[in-house]
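Quick heads-up: structures coming right below.
Two complexes, one shared chain (subunit A), two partners (subunit B, subunit C).
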Partner chain A sequence: MQGLLTDAFLTSLVFGAISAGIPLLLAGLGEQLSEKAGVLNIGIEGMMLAGAYVGFVAAFYSSSLWLGFAGGAAGGAAVALVMALLCVRHGLNQIVVGIALTLGVEGLTALLHHFQFGRTYPRLDAATSLPIPVLSELPILGPALFDRHPIVYGAIAMVAVMAFVYRRTNLGLDLQAAGDQPAALDVAGVDVVTTRTAAVIATGVMAGVGGAFMANIGAGLFIPFMTGGAGFIGIVLAMLARGRPLWVLAGALIFGACLSMTTALQVAGVNIPTDVIQMLPFAAVMAVLVIFGRRASLPAALGLPYVRGAR
Partner chain B sequence: MTPAATARAARAAAPAVPLVELVEVTKRFPGVVANDRVDLALRPGEVHVLLGENGAGKSTLIGILSGLQEPDEGEIRVDGRPQRITSPRHALALGIGTVFQHVMLVPTLTVAENLILGAPWWRRPDKAGLAAKVAAITDSFGLAVDLEAVTGELSLGEQQQVEIVRALLRDSRVLILDEATSMLTPKGIDELGALMRRLVARGLAVIFITHKLGEAFRFGDRISVLRLGRKVGEIPPERLNALDEAAATEEIVRLMFGAGAGDPDAEPHVARTLAPAAPLLSVRNLTVSGGAGIVGVEDVSFDIAPGEILGIAGIDGNGQKQLAEAIAGQRVASAGSVLVDGKPVDHFDVGARTRAGLRYLTDDRLSEGTVGTFPISLNLLLKRIGAAPYWSGGLERPGEIATHAEELVKRYDVRTPSIETPIGKLSGGNIQKVLLARELADGARVVVFNKPTYGLDVQNIRASRRRIRDIAGQGIAVLLISTELDELIELSDRIAVMARGRLAGIVGNDEGARLRVGELMIGAVS
Partner chain C sequence: MTGLKLSVSAIALALSFGAVNAADVKSIAVLTPEQGTDFGWNQQGVDAAKAAGEKTGVEVVVAEGLGYGDVRPTLRELAADGVGLMIAHASGYNTAAPEIAEETKVPVAIVDTPTGLKPGLVADYTLSGHEGAYLAGRLAAKVTRTGTVGVVVSGEPPSWNSQSAGFAEGVKAENPNVKIRYAVIGPAAYADAAGGKRVTESVIAAGADVIFGQGNGSSFGMLQAVETTPATDGGKVWFIDVIGDKSSLDKGNLLTSVVWDMTPVYVAMIEDLKADTFGTKSYAIGLADGSVKLLETKNLPADKWAEVMALKDEMIAGKITVTPEFDAAKVRAMMTDVAAP
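Our next item is the complex of A and B:
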């Protein structure tokens, strides 16, 4: 155990926390956006997986990570579009559709991957990083946080972007109204279906990029079902954070740290059954829910389709 | 002559072309024809009053004009040309602004944010610009809104003012007010009336829906009456001008309710002598904190004897709702005590207080009083879900529930296609009847009414008041909160006046009560 506090251990812990946390952050921010607008987006796991697959294929054939992320965004958005059509426009049950989409995408991506790559799992080249001058020289934090692919910085910047949108723009008001009292938004002259559709598709884009990150940067390859519940953790993060993007970031890092414990402890030469450590994030969810869950105040119209003029 | 009468006389000679016109408009909902071939013309410079019983189809007509509903048949003409109104946004673009009957504001946003809602989404909220525009409107029209208050914490009356300001902010050519006076004080109503006169003087068309015939006559140029979805009469300005108020009232009541509907005015108060008895409800030094910008309750004490009706008068938003909720157990009191039959119920939650016989009829019928999507039958049992004989061993007994509902629906004259109809689909007045039926059932000993007749038509008002009197007659203690002095004078044995969270005084309801209550109200407010 004496190796626990070495620089190598800490660096790999923080590095791993960020790598595992970024997809959760994007999923959490995305889910938060949908929920703010009143859509309980259970399909986000499917959106991530679609993003991971399309993102990987795009990066694999183009040898460009950026095209990979664009592909991931498109993949996530495509699934989100289906969700928006069914749930927002036609008012179908959001939970049923969300689960169906996730299961469907799991099957479809596994199938497509099988046709394309058979039983091989080709790897991408390691991502080139963009070190930030000075900061990347810091011990531990430098290599773990400031010497990364630019998408990492972009994802963290999204926290500020979303906070700005929610607090400082009319769009933020529209989103909140769509979730809390959609009829009021409608009579104020803003179309509820359009607002919610836009929110769901933006969620798809964020989740898709998050999935592409998992495949292209986190793992460097695509494996069927590889998102493994990251989207659902995103839902938990959004529920815990309510409307606050910064909380999603904090939560994503804690979860990321739990997930990266496994590797970090291996680096340090500690032998704890990985199952125990993989339980950590879920134990953490329950602990946080017990502590903060009581003050839950979700948007009043969350999960309810809006039909104009209905009573 | 009233201002409306003067304006009517001036314009009677030159009728204007309608800005918006409904021609033979029909709208059906499952089980009911809400509008049946209705014609309605909105002319510039005219306040067009729409009258009709609860459920007559007034709000549906407004829904069609404001883009919430599209008619099944018939035509809408804007500036003489046929035109579909496909969305609320479209209606706003056509210059039709609406204050809806049920508040259409986002409770979690501030007043300013609600007023900004609808501005281009990519912009930042322009609060400074808004404040200037709002100030211009509130100053010239005598309205008052607090831009920084969180909307959900305002009283319904205050929220209604916000909606009026919003409609004015939009520079509408046609302004629709669906029962906008139902939550205002007499002074507020006069101000709104003056406002309507000023707006039509500028060439706007105003639709004004009310249940109060006095207001219709004072502020209206033209009166249309709806009944069971059909338009049964229209009194044009020339005619209205020729009639005096009594004759106009008589004609309207005849149109609305058919022959023999009787006089809409409040019945005279009949003084009663109650046998001395220990108080059934006692409130001792009750204090409730209000929150930012909201009046709470401060050190309020009173007793109500069995069979007594204690009225609470006061301008809306002076702590009445907080008082009612604290008594009902929905709001935590920071000090003081509530006793039923001498026994404190302070540590009881809402359910326990209900079982102790304490009942509360909220004024917020839609969001607080009922679950809109549940059928009437379940709403009637909302506070007793799981209780025998309607449930047994955790299972619903549909037969018992239905019998219970059928009986109450009949007894309280709830107009509904069936007891399975979701309660949210009923008109405002009929929702109130369901609430009343539920709260009075089984062992009520103390009943708190908060604005029990707001939004009801004349007949329903009278029926409700009769019921309140009957309840007291059975020995139940009644706390009656109302902003309508006439109602309080008609029903109460004593009247307390509430101002800024305190009781300004309690007066016996005798000869000079109206005057003394008025003095207390004014004296305490200014």
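Our next item is the complex of A and C:
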């Protein structure tokens, strides 16, 4: 084990933890936004997958990761728009529509990939990084945390942005009211449907960028079904974090760290059932967030469509 | 007496009906979780089913890209369409497929469930390329510069466990001092390309300069990792693939692949159906009939390849034998403590 703990190995573990955590962070922040506004966005897995596919296509053909992320955002937003139309505008069941969207996107992206890349499986070049002076020189943590693609810094900065929006702005109040007391928001002259629609589409943008990160930086390619439930983990993080962006970040990083820990234990030859080791991320996130996030609560009107005048 | 006659007639009718059914296998279906163009498990399954259909004069229906969820509706639909055999080509289907076989009475073939045989109804083809993996292990130990090789898998199904074990035995037989780093991406992370890349990068950082990767879609993430991550000595990392041939996608890191050909297995299944012996025995692939082989690539040093081919001849002659090990716990133990066969 001692011979294994080299700087290179430890750096790769931290690097891997961040890479695994970023898509979950973006999905979790997006889901949290949607839930704040009262929409249980089960379709976030489909939004991530659409973002992964469109993001990869855009990055591959343009040779630009930034255009890839823009494409990912557009892909996620397109799926979110359908969700908003069906669930927010027409009041259909959010769980049923969310599952249907996810299944539909899985099939569509698999089909498109089959015709487009099924014989070639193109792969992107390694992402270029933006080292932060001084910090990137730190041993182990430097290369893993401070020598990354700017989207990583942007994703983490989103935590502060979302916290600021929720706590300090009228928009944050509107979102909170759309989720807790939509009728009161309506009476105050703010359109509940528009507020919720905007929240769902913003969720799609974030989930789409998360999916694009997974495809373009996490893997360097697109594979059908590659999100593998990351969107659902994002939902769990958002549910457990209960309105606090910082807790989504904590959950995503704990999850990523535990994934890296499982790799470390296996590579070190610890012979315990892999399933037990791989329960670690889920168990750790639930334990931490349940213990420290108990006092927060979910929006009162979560999952309920809003119809003016309905009782 | 009349009752006895009726019973005998009924049994005779049932037997003759069964025999007609058995002889009349006009079409079979193969169901795969991913598209049959993955240069691996799914493609080999689809290609082999088509080849088997051609050899036996049976029509083949391909249902691909079905995902890893509930496959029962597709199985029911295929059964209603009248196929004579449904090959459920994913370990994730081995609960649903026997259920639908019972329900529709259409035979199914499943994987990774050797104890699930039911005569006439359920056959299992838990295949093992352990002989090829052993040779791959010998080759890996010959070419490693760092003295460390890695095994990355996206799950621990029996077929892959036996190949991981075979690889480890081969490595240790060639050079007992070579270290083996073993990592599983996830319990069923077959399509987790990002996980494949992440875990492979860590295994490379742990010193491995040869990666033996088993992973369906996730193997493309492994391939991406070896292409973009230098070994700890600064040199190239080699990749050893399984089941399919990714030569056309290679950017210079593909050392070889343990290639499977499942055609003989599917042909045997169709013949067993026709002979009413379906579901009564297990199927195997191996070096001797060419259904398992090592892929020759342009990246292979000629001298090492010749040495490995000589070992292959010894295996076929029975001078070297490798016993498949399907149990995950035993395979993990082998990674730190394995003896040469």
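By definition in this document, the second predicted complex is superposed on the first by the 274 of 311 C-alpha atoms of A that agree within 3 Å, B and C clash if a C-alpha of one lies under 4 Å from a C-alpha of the other, contacts with A are read in each partner's own complex, and residues count from 1 in each chain.
Basically, a residue touches a chain if its C-beta (ideal position, glycine included) is under 8 Å from a C-beta of that chain, and two chains touch if they have at least 3 such contacts.
The structure presented is a predicted model; accordingly, all values stated were derived computationally and were not measured.
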Touched partner set for A:D191, first subunit B, second subunit C, both or neither: first
Subunit B versus subunit C as contact partner of A:I140, first or second or both or neither: neither
Touching partner for A:L85 - first (subunit B), second (subunit C), both, neither: neither
Most subunit A residues touched (candidates subunit B, subunit C): C
Touched partner set for A:G309, first subunit B, second subunit C, both or neither: first
Which of subunit B and subunit C A:R168 touches, first, second, both or neither: first
Residues on subunit A lying within both footprints (that of subunit B and that of subunit C): none
List of subunit B residues in touch with subunit A within their complex: 63, 66, 68-69, 87-89, 92-93, 98, 100, 104-109, 113-114, 116-125, 166, 372, 422, 424-425
For the subunit A and subunit C complex, residues of the former touching the latter: 4, 6, 8-9, 11-13, 15-16, 19-20, 23, 106-107, 110-111, 113-114, 118-121, 123, 125-126, 214-215, 218-226, 228, 259-260, 263-264, 266-267, 269, 271, 273-275, 278
Touching residues (chain side subunit C, partner subunit A) in the complex: 34-35, 37, 39, 65, 67-68, 156, 181-184, 186-187, 189, 191-199, 201-207, 217-218, 220-221, 223-224, 227-228, 232, 249, 251, 328-329, 332-333, 335-336
Subunit A to subunit B touching residues, read off their complex: 168-171, 173-174, 176-177, 180-181, 183-191, 300, 308-309, 311
